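As written, the chains take the letters A, B and C, and residue 1 is the first residue of each chain.
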Amino acid sequence: MRGADYLLKRTAFALVTVFIAVSINFALFRLAPGSAVSNLSRVPHATQETRQALKKQFGLDKSRGKQYVLYLQQLAHGNFGVSFANSQPVASNLRTAIANTLPMVLLGTLFAIVVGTFTGVIAAWRRGTGVEGATVTSALAFYSMPTHWLGLMLVILFAGILPTGGMTNDFLIDPSWWTHLQDVLKHMILPSLTLGLVLFGEYTLIVRSAMLETLGEDYILTARAKGLKPWAIVRKHALRNAMLPIATLVALSLGYIVAGAILVETVFSWPGIGRAVYDAVLARDYPMLQGAFLVLTVSVVFFNLLADLLYFKLDPRITE
Amino acid sequence: MSIVINEPGLIAEPEPIRSRGGIVWDTIRRRPSATIGATVLSLIIVCAVLAPWIAPYGLHEQVGPPFGPPSWEHPLGLDDGGIDMVTLLMWGARISLVVGFAATLVSMLIGGTIGVTAGYFGGKVDGVLMRITDYFLVIPDVPLMIVVAAIWGPSLFHIVIVIGILLWTSTARVIRAQVKSVRERVYVKRARALGAGHVRIVMRHVLPQVAPLLIANTVLTIAVAVFDETALAFLGLGDPSRISLGKVIENAFQRAAISSGAWWAIVPPGVVVALLILSCSLLGQALEDALNPRLRVAHVSARGFRLRPLVGRNADAL
Amino acid sequence: MSALLETEDLQVWFDLPGGGTLHAVQGVSLGLERGERLGLVGESGCGKTTTALALMGLLPANATVSGRVLLDGTDILRGAEETMRPHRWVDLSMVFQGAMNAFNPVKTVGSQIVEVLELHQRAVGRAARLRTGELLAAVGIPDDRADRYPHEFSGGMRQRAAIAMALACNPSVLIADEPTTALDVMVQAQILELLDSLCRDFGLALLLVTHDLPVVAQLCDRGAVMYAGELVEHGSVDALFHAPCHPYTRLLFAATPDLHGDGLPASIPGAPPRLDRQNEGCPFRPRCDRAFARCVDQRPLLRTVAPEHGAACHLNDVAAEVAH
C-alpha cells in the first residue's frame, strides 16, 4: 500500500507525543513541590478512611518510580482519579464535558473554515483592489481581538436577543426532543460565533496567502496558456492545490482552537471541557485539571494525525 | 547595477540589503503596514512607560462611584472600584508589555539557541532537537500554561516563565532554517577552513545574518505573548498584585460590569490589547515579507493585463 | 501574402512593487511565416520570454501592453485577454522551460491532456483518452504512463509529454521557451530532435526562445537578437553567424563555446542597462567595443542592411551614409 511507511511513522509520532504529554502531566503534579502532591488524596469532605484508601490507590506512599507505573496503569484503565469538587470520578465528568464541547467547537470551526476560505479566495483573486484591502484589514482586526473580549462584546451586543449563558434554558420543564435541540442550538450560536470569528480572521489570511502562492505556480500559467478561463483555472487547478498548505495550517491552529474553547466556554458558561478547566482552576481541583489537560492534549494530537492523513490523501507526492 | 527580471516571474529583484540594521528601518519606512504597526506600537509603549508621570489620576485613587459613566473628566469612565479607566489602561499596558516582552525574551533565548544549534551543527543534534520541537509544537500551549500556572502559583515571574517556555517552537524552526542556509555560504566555509572556532563563527557570521529574521519573529511572538497573558489573567491565573490589561478585563467580567451596563469597563481594555496585537502582527508580518519576498506574480487574477493605444516609434518593419 | 504571425511595435511595461515601471519590451517587430523556424536569442533579462508570452497574451495583471499582434493579418491583441484567449492552444501553443512544472502535480498527466482536448472540443471521454495515448506515443511515451503523476516522470519525459500536450489541438505555431534548460545534455539532444521532426511532420512554425546559440544553428532558419528589451538584429542564421551587423550579435556568436556550454558569454564585460528608467543613446554602448560619438545620445533604429537582414547600429548607418 502506498505510503504505509508514512502512515506508520505519523501514528507512531502521535503515540509518542501522547506518552510525553502523559509523563509531563505526571511530572507536574506528582513531582511538583508543595501542596499539589499531598492534595491528590485530599478530597474535601472525605472521611479518614476514604483518604487512606485513595492514598493507597494513588500509591502516594510508594516511590516516585512506582507511582509513575501505577499512574500509567490507572490511565490505561480509564481511571483519572476523583474530582475534588463533586467527588465523582474525573473520567465521567470529562465525558459529559467533551460531549458538550464538541458540537460547539465544530460549529465554530466549520464557520471559520467556510467563511475564511471564501474570503481568502476572494482576497487573492481581487489582488490589489479595495476588496482585498478591506478583507485583509477586517481579517486582521478579528484575528487581533482577544477571544474572551470578543465574547464579551457579543454578549453586550446581543443580550436580550440571543441567550448568553449556559447551554440550556433552565426554565424549560421536560422539553420535547425537538424543543431541547432548538434550545441548545440557540445557546450555541454566540459561543460558536465568537470562536469562529477570531479563527476566521486567521484562516482568511492563510487561505489568501496559499492562494497567491498557488496562483504564481508554473502550471497555472500553463493552464492559462491552454485557453482556460480565469475562474475555471481557480476552480479546477488552484483551489485543489491551495488545499494542501491550508490543511497543514488548520492543523497548526488546533492549539489555538483549544485555547479559544476554554475562553469562550468561560465567558458563556458553556458546560464543556473548557469551562471544566476554568472551574478546576478556581477550585484548585487538581485531578480534574490533570484529566482535562490530558484529554485536550490527546484530542489535539488525534486531530493532528487526522490532518496528516488528509494531507497524505490530497498530495500524491507524499510516499515516504 | 542592473535589475534582473526573473522570467517568467517578471518582477524586479528586491533592492539588495545595504546594511543589516538597515533593512528593518527600511521596511518600517517603506511599507505602509509596517509604518502603521511601528507607530501604534511605539505610541502604546510610550504611554505605558510614561504612565507614572502622565496618567491623569492615581492608580488606586477612587475618584467617583463604582462604574461611573464616561464624562469630561473621565472620558472612559470608572471601573468597579471607582478608579479612572484611562489611568488603569496606561498602567495596565505597562504590565502587559512587561510580560509580553519578558516572555518573548525567554522564548527567544530558548528558541534562538535551539535553532542556531540545530541549524549550525546539523546531523544528529539537529534531528534530536527538531524531534523535541515537533512534540512541543503539537502539545497545546494554553492548557499546559494553565496547568503549570495553577500548580506553581500566580506571580509575574511565574507567568513570564510559563509563557516563555511554550512559545519558543516557532522561533526555533525559523532560525534553524535561516542558519542552515547561512552556514552554506562561502565566507562561513572559508572561516571554518581557516580554523575559526564554532562560537566565533556563530557570533561574527551567523548571528548578524539571522538577526533581522529574529527581530521579525520576536515582534510576532510578542503579539502571542500578550494574548496569552490576557487569557491567563482572564482565567484567574494572573498576578493578583499587578494590574495588567488582561486583569482589567477579568475584573470587569467578575464584577458584573455587563449587567451593570458598564461597557466602558470592558470595551477599552480589549481595544488596547487588540491594537497592541494588531500593530505587532502588522510590523512582524511586514518584516518577514521583506526578508522573504514572494518574487512571483499571480498568473491569473480578476484583472487582466492592460492595453495601451499604439505608441509611435518608427522602425522598419520586417 | 501576410506572414502567419507578426508583431508590430510590441511594447510591454510592468508596474514595479515599489512604484515606477519597468519597460521590458521596447518596440519589437517580428514576423514568422508558415512552417518557418525563428530563433529569438538574447541574454537573461533581455525581454525575449516576455515577448513570447505577449504573443499569447499570457502577461500578469501588473503588465501594460501596446502594439499589434497579427495572426493571419488580424490583430488579436486588440481586445486584450478576450481576443487572445480564443486563439490559445488552437492556433498558438507553448512549451515552457524544462525546469518548470508545466503539469499540475496533483493530477495525472493524461487527465491534463484530456482536459485540453475536451476544452477545445477535439474529443470527449473515451475518444479523448485514446487520442491522448496517440499523442504520447508520437513523442515516444508508452501510453500506460498517462495515468501517472508528473513527479513520476523524468525531466525529459515530462518535457516530451508537454510537447505532446502542446500539439493536441493542431496549432499552426509552436512557441518553445528555453525548452531544454535544466535538462541534461543527452536529453537535450533528444528533445531538440523531437521538436525538429514534429515541426517538419506537422508543418508547424516554430518560435524558439533561447540563449543557447548552437541550438539555434541546429534548428532554426532565421534568428532575431534581443538586447535590453529591443530587437537589435534579425536575419538568416547563416548571416547572423558569419556576417553579423551588430556588435552585440558579433560578440555573442563569437563567444559561443564549442561544447554545449550554459550559453551565456562570460566574456562580454559589464551588464545590461536598467529598464526601469529612460536611457539615452544606444543601450549597448557601455559594453560595445566599437562605440563612437553618435552612440552616446542617439538611439539607433532598426534598418535593413541586406535582403531579409536588419540591424540597429549606427555603424551601419554611417557605412550607408558614406556609401552615398
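Basically, a contact is a pair of C-beta atoms (placed from the backbone, for glycine too) under 8 Å apart; a residue touches a chain by one contact, two chains touch by 3 or more.
Remember, it's a predicted structure, so these values are computed and weren't measured experimentally.
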Graph class of chain-chain contacts, one of line, ring, star, complete, other: complete
Chain occupying the most central position, where position means C-alpha average: B
Interface with more contacting C-beta pairs, comparing B-C to A-C: B-C
Averaged-CA centre spacing for the pair chain B and chain A, given as whole angstrom: 23
Mean-CA-position distance for chain C and chain B (Å): 47
Chain centre separation in whole Å, for chain C relative to chain A (CA means): 53
Multi-chain contact sites of chain A, meaning residues that touch two or more partners: 127-128, 217, 221, 223-224
Where chain B touches two or more other chains, by residue: 8, 297-299, 301, 303-304
Chain C, residues touching no fewer than two other chains: 58, 61-62, 96
Complex interface listing, chain A residues touching chain B: 13, 16-17, 20-21, 24-25, 28-29, 32, 34, 36, 124-129, 140-141, 143-150, 152-153, 155-156, 159, 212-213, 215-217, 220-221, 223-224, 230, 233-234, 238, 252, 254-255, 258-259, 262-263, 266-267, 277-278, 280-282, 284, 286, 289-290, 292-293, 296-297, 300-301, 304
Residues of chain A defined as touching chain C within the complex: 127-128, 217-219, 221-229, 236-237, 240-241, 244, 314-317
Chain B - residues contacting chain C, complex: 1-5, 7-8, 10-12, 15, 30, 297-299, 301, 303-318
Contacting residues of chain B [partner chain A, same complex]: 8-9, 134-135, 137-144, 146-148, 150-152, 223, 227, 230-231, 234-237, 246, 249, 252-253, 258, 263, 266-267, 269-270, 273-275, 277-278, 281-282, 294, 296-304
Residues of chain C that touch chain B when the two form their complex: 6, 8-9, 11, 14, 16-18, 22, 24, 27, 29-31, 44-45, 47, 49-50, 53, 57-68, 77-81, 96, 177, 234, 271-276, 301-304, 310, 312
